[in-house]
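Structure in structure tokens, see below.
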């Protein structure tokens, strides 16, 4: 006779689930609305999404207060884990999404934004990502990962052009492979330790003193491959440029920011303990991967002829930059990671939005891609303000002080220096110099060449709407006046990261 | 007759996984490619089941279930994409989809 | 007294600026007259100072203002009027006043008239700074200033390629020497801690020989440049491209003697290092005969006089080197008078022959240009050192000095030079004024220069005649308050008389020889056919010992080529190419490796798997390594690693 | 009054530049001139309010930016930076005033004002990161000026200029981070404030590495051989105004940084690297002078000549004694004035003939006497004629270095010879000889607008050549304090020997000597 298992609701600690549940509910709500009355305008859905995200953000705020007072919270059979990393990364995820979703309100209506499902998907993605960061169970991470990924594949496809389908298929197939890698890796760890919770794994491995190192490494390799694919580390990056090119600028911007931070958190949780428990191999391999990602990403970006594709490679290189923080693995570097990513979010949001507003329905005459460099030549003469803003984002991406990204670079390099990775710091420095070239290339086109005949300023803002302008305004302010925000951000992040023991 | 131990399962799953990998690399036809990925995931499931039995806790099987679920949903999305592609190009040969490169 | 000092110093500057005001406007007499008057003022002021000094008044020393002051360095604009500088001031102001007046006539057809006077007065100002400054830095200001003005004046007719070329040559050669000078100044500062003459020389008394030697050498290198001593002499002859008054003032009377002035000024230093002194003397003697020999054959009046100037400078250095500073200074003064006169006379001739310089195209000018003839003849007599003209007292004194100090080689050289001097001076006199008329055939219609030009020259004439016997003693009295008062007297009277008379006879013989050779009716104009002209020595001399040629071939050309190589080969092909190379390598890598992104899905998948497998193999290797760590170590130790 | 004059000096032009967007095109030049005049007036006021007797920093302002990471907005001015700031304001003014008709002049003037902000910022920054910010920002306007108004190769030139300098300064940034980290280790607080760093005494091997890191950044900016090749392109392609500002101010950032950072922070390393750097400097001086002689383009001649002069500045800086450093700082200003003027002059003829090839000219003195005169004056200044501004600087620099090495100074002194050679040759080619080229037959002489720029420069050239005292004194005071600091900080025997101890000479003994 089994006596009933009774679990007190307190011990479940459902609160930890709220931040993820809210977007899910929101998504379902959107779907219901569509069922009851179809063909509603996108503005409605955008508004709803924004509201949902706003509430989500509120819950996160309260969660952060809880953390600040009581420290890490676990719940739902220890599945959920709300610690500093979880909270900061969710802030980034939700916050960034709030900036990205209004991009759907472009002047020209594009195919995806006419589907209510698109917004539902969007919210599902966010929910999935939130799950990923707010747990240390490999299962839940897997679920979150796949939820978000599947949603993302669909959203890309919804752009409904040949290229976007191609991108979706490519991304999907490789994603499936990555999922295989992930599950295999998880399996190995499970086999080794009989647990799928990262801290459990850590303790068990530590207990038997990494007896069978070989298998640990095998597991690590598969994990590295899976996560590396998602953040686009060389040689698992090959999807990135095609997907960025295939999907709409807004979507690409979203991809370059939001999902990656979740993966970084997972990687941090997983690799930190391995590195610190003296898996030198991982350190070496990460070193190689990081450096090659930074460098190759840059080198390939040098030779691109399409701005969006260039930005794809550049964000690969930036991912390498940030991965270095995980390799270094000190509190400073981990805080640097988040700082960097927040600033990167602002800048990339701006950059991609600029591409987005310059997007025409059909390809401009004599151009093979939506955002070829030629399209921007002589911009300063036809529409100076647009050119200046774009130039600003480019400079920020190149890490020119005092614009946003510089501070991120500064802090990461500093963390490298502080923990004795001098060569790494120099490599970063030189890479930023190389990167200077391709960001400059766009500036050269905009400021120093003459406009292609018949080009008018209108073409650069053909897709501009108030919402987009507002977003860009935000991005501009964020990029220029980052310097003021750095100090509070740094204090907040360091405190949270430190308190969650990373 | 010999005892079938955990390792046999693990070896089996590894072999299946390898087959899956090879399939993923070799297949030119999208549909078959998806099959290959299914093999990948299911090989892992075998291992999970075996290990969870070996340890005598259910986490592994739970994981396996999730994997199955996710595999299913992937198939859903994948086939969806595939159908659209086929509508537009009336083929599902992935050598045709290389407009973006460099 | 200060007021006179300032007047003497700044009057020329005012004059220069005044003339500069008319720089752009067409020729006006006023632009010439005012500077001349101001120079006259300056001359009077100098004379007042001279009187003050001679009448035993104490040295006038003023410090106008600070120039540079940093760290331990303190350099004021300080000026001193003592026996030495006042002598120079007299020479400079007198000669330059005369030359100015003369130039009013000489340049009156030149469209650069105003510009000319502004330059000329500017030169006088720099020269005054040079001689009046009380520290090495101030000296250097003047030093460079006169260099600049001489550049401007040599290249005055800047449309002439030869003129501008000569100007640059002069400037650059002087720069070479100035570097030595500069180093000398640095040495002085870091060893004595000051650049003021008095302080520095006082401190030098207790410096070690070596340092002093270096100081002496470097300062003298500076002197060599300005005074065109070998091997930096070529610029002086080329400098004759400038207008003749310029040659008279700068390249005979004043600037070129700056080097001598420097050595005399630093007599306290050179007194401490006699071996350097001896070197200077020997070089002087060498230059004396070296220049004289080149003057023998030259076919350009001004160049001949230039060489004679060079050779006279040699005399001065010989004297200074031997420690007879007052003698050197005395000869400097005397030489200034008769050499300026000579040049101005040559100027008249040029004027008459509208700028023809070849004496073989003249002859018999004496008939039309009596006054000029007399003046030039007397000047040459003085130059040759015939009693009782100036040259006798100054030049023969130097011979005596050499003799008395038992430097018989120097003595002999100088003696020979005296003979040569006499010969070439009268060679041109004869060719120009005597002998048959060769110019009318060539269509020249010579005429005597303006009256006032001749009047202007007359003071020089008088001085050239009387400077010797009237001034020698009072001058000696004066300067020896500052300079070592060594009397040079051959001990036995007989030797003295033999020497003196011998020298005189020798010189006179040379003169007669010159007259005989070049006054004869049937003089052959050298046309490259005669035996003498094909003679090796003649060629050697007419080509100035091939030294300019050597410089051109082995210094100028290589420098030009080396520069081009540096630019074309090294700077562009190596240094710059490396920079671009790095960038290009990166780009090329990108271009060549972008094919990785073939866009084909299955390749992408292969890449993922490949990457994974690579990591896996790494892992396996590492795992094994960890597993068999001990064995590996054993093997390695076995290998002795 | 006006305690935050420095901030005003920095941000007034920037603000004006932003407002400039709404000024109408035709009245833009007037606006620019007005703004620049006000800025120049403020700079002069700064000079007037500056206390010459104080050696240390004045007008210090401090605002917390990122206290957790020790980055704060600290600015101040001392004798070393004061005059470069004034010079920057001055050159912006005459640059705008003498701006000949350029296409979209509006952007040009706004860019110039932005550039001015960065220039002033670099020279007043007392926090390494603030310094770095302005240092990097200064690249952008110059990039635009060269790239948008330049010659045929403008894009290549500008990108090269940007990337080269950018790469160098990133290495420098790593050095700064290390410096801050060492300070953190020593004191437990992060700080990027230069004045804090001054108090830090590092072991020699650290100093060597850090010196090297900073050196890369500075040397490229100066630019020192062999990092100089971006300069000829930048100058060759840049419009007149660009070259003027670049030569007059931007290059000085490098040499200034040497004095502000390298010397006081790493005295031992400075001593250690003195001779290698001196040799580099000598190569710069002689080699580039010869290269300049090989040029056909007069602008290139001036460009290479400024590299050559920068060599003398470096040499003076690394004399490590008061005379040398003071001289080098003075020479920075002198070279700023003279080379700026020379570039303006080249611009004058370029506007008339649209070529800079000397072979096109010859005999210009016949048609443009005034031009020839001013050019001659500036040329003489550039070859270091006494009583012109350059001589004071060169004399002091060489004099200073002579204390360290005789033979090297002798070699460096060749500057005055080779300098004369290429300059006179160029002058001869352009101005002397018969007027051969018909196109030059009736060129107008310098116009009023051009004289507006050239006359003041000529006056300064002479005035400071005759009476450098008002500038030398403040410089001297600040330099003395720095040299003393270096002496006190230096640990190695060599450094103690090389760097004079002024305190002892003054009779009083600092705490270091006490024990």
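Assorted remarks:
Which chain is which? They are A, B, C and D, in the order written, and residues in each are numbered from 1.
Here, contacts are C-beta pairs under 8 Å (C-beta built on N, C-alpha and C of every residue); 3 or more make two chains touch, one makes a residue touch a chain.
Keep in mind the model is a prediction, meaning the values are calculated, not measured.
If each chain is reduced to the average of its C-alpha atoms, the one that sits nearest the average of all protein C-alpha atoms is D. Among the remaining chains, the Cα-based centre furthest from that of subunit D is the centre of B.
Rounded to a whole number, the gap between the C-alpha centres of subunit A and subunit C is 77 angstrom. Each chain gets one centre point, the mean of its Cα atoms, and the points for subunit A and subunit D are 44 Å apart. Taking the mean of the C-alpha atoms as each chain's centre, subunit B and subunit D sit 66 Å apart. Centre-to-centre, using mean CA coordinates, subunit B is 96 Å away from subunit C. Touching of two or more other chains is recorded for residues 169-170, 173, 177, 241-242, 303, 437 of subunit A. Chain contacts: subunit C has residues 583, 594, 597, 599, 601, 605, 609 touching two or more partner chains. Counting partners per residue, subunit D has 163 as the residues that reach two or more other chains. Pairwise chain contacts in this structure: A-B, A-C, A-D, B-C, C-D. Interface of subunit D with subunit A (complex): residues 64-69, 104, 107, 129, 132-133, 136-137, 139-140, 143-144, 147-148, 154-155, 158-159, 162-163, 166-167, 170-171, 173-174, 177-178, 180-181, 184.
For subunit C in complex with subunit A, the touching residues are 583, 586-587, 589-591, 593-594, 596-597, 599, 601, 603-605, 607-612, 615-616, 618-620, 622-624, 626-627. The residues of subunit A lying in touch with subunit C in their complex are 169-170, 173-174, 177-178, 181, 213-215, 217-218, 220-222, 224-225, 228-229, 234-236, 238-239, 241-242, 281, 285, 296, 299-303, 434, 437.
Note for the complex: subunit B touches subunit A at residues 10, 13, 17, 20, 24, 30, 33-34, 37, 40-41, 43-44, 47-48, 51-52, 55, 57, 59-60, 62-63, 66-67, 70, 73-74, 77-78, 80-82, 84-85, 88, 94, 97-102. Per the touch definition, subunit B reaches subunit C in the complex via residues 21, 24-28, 94-95, 97-102.
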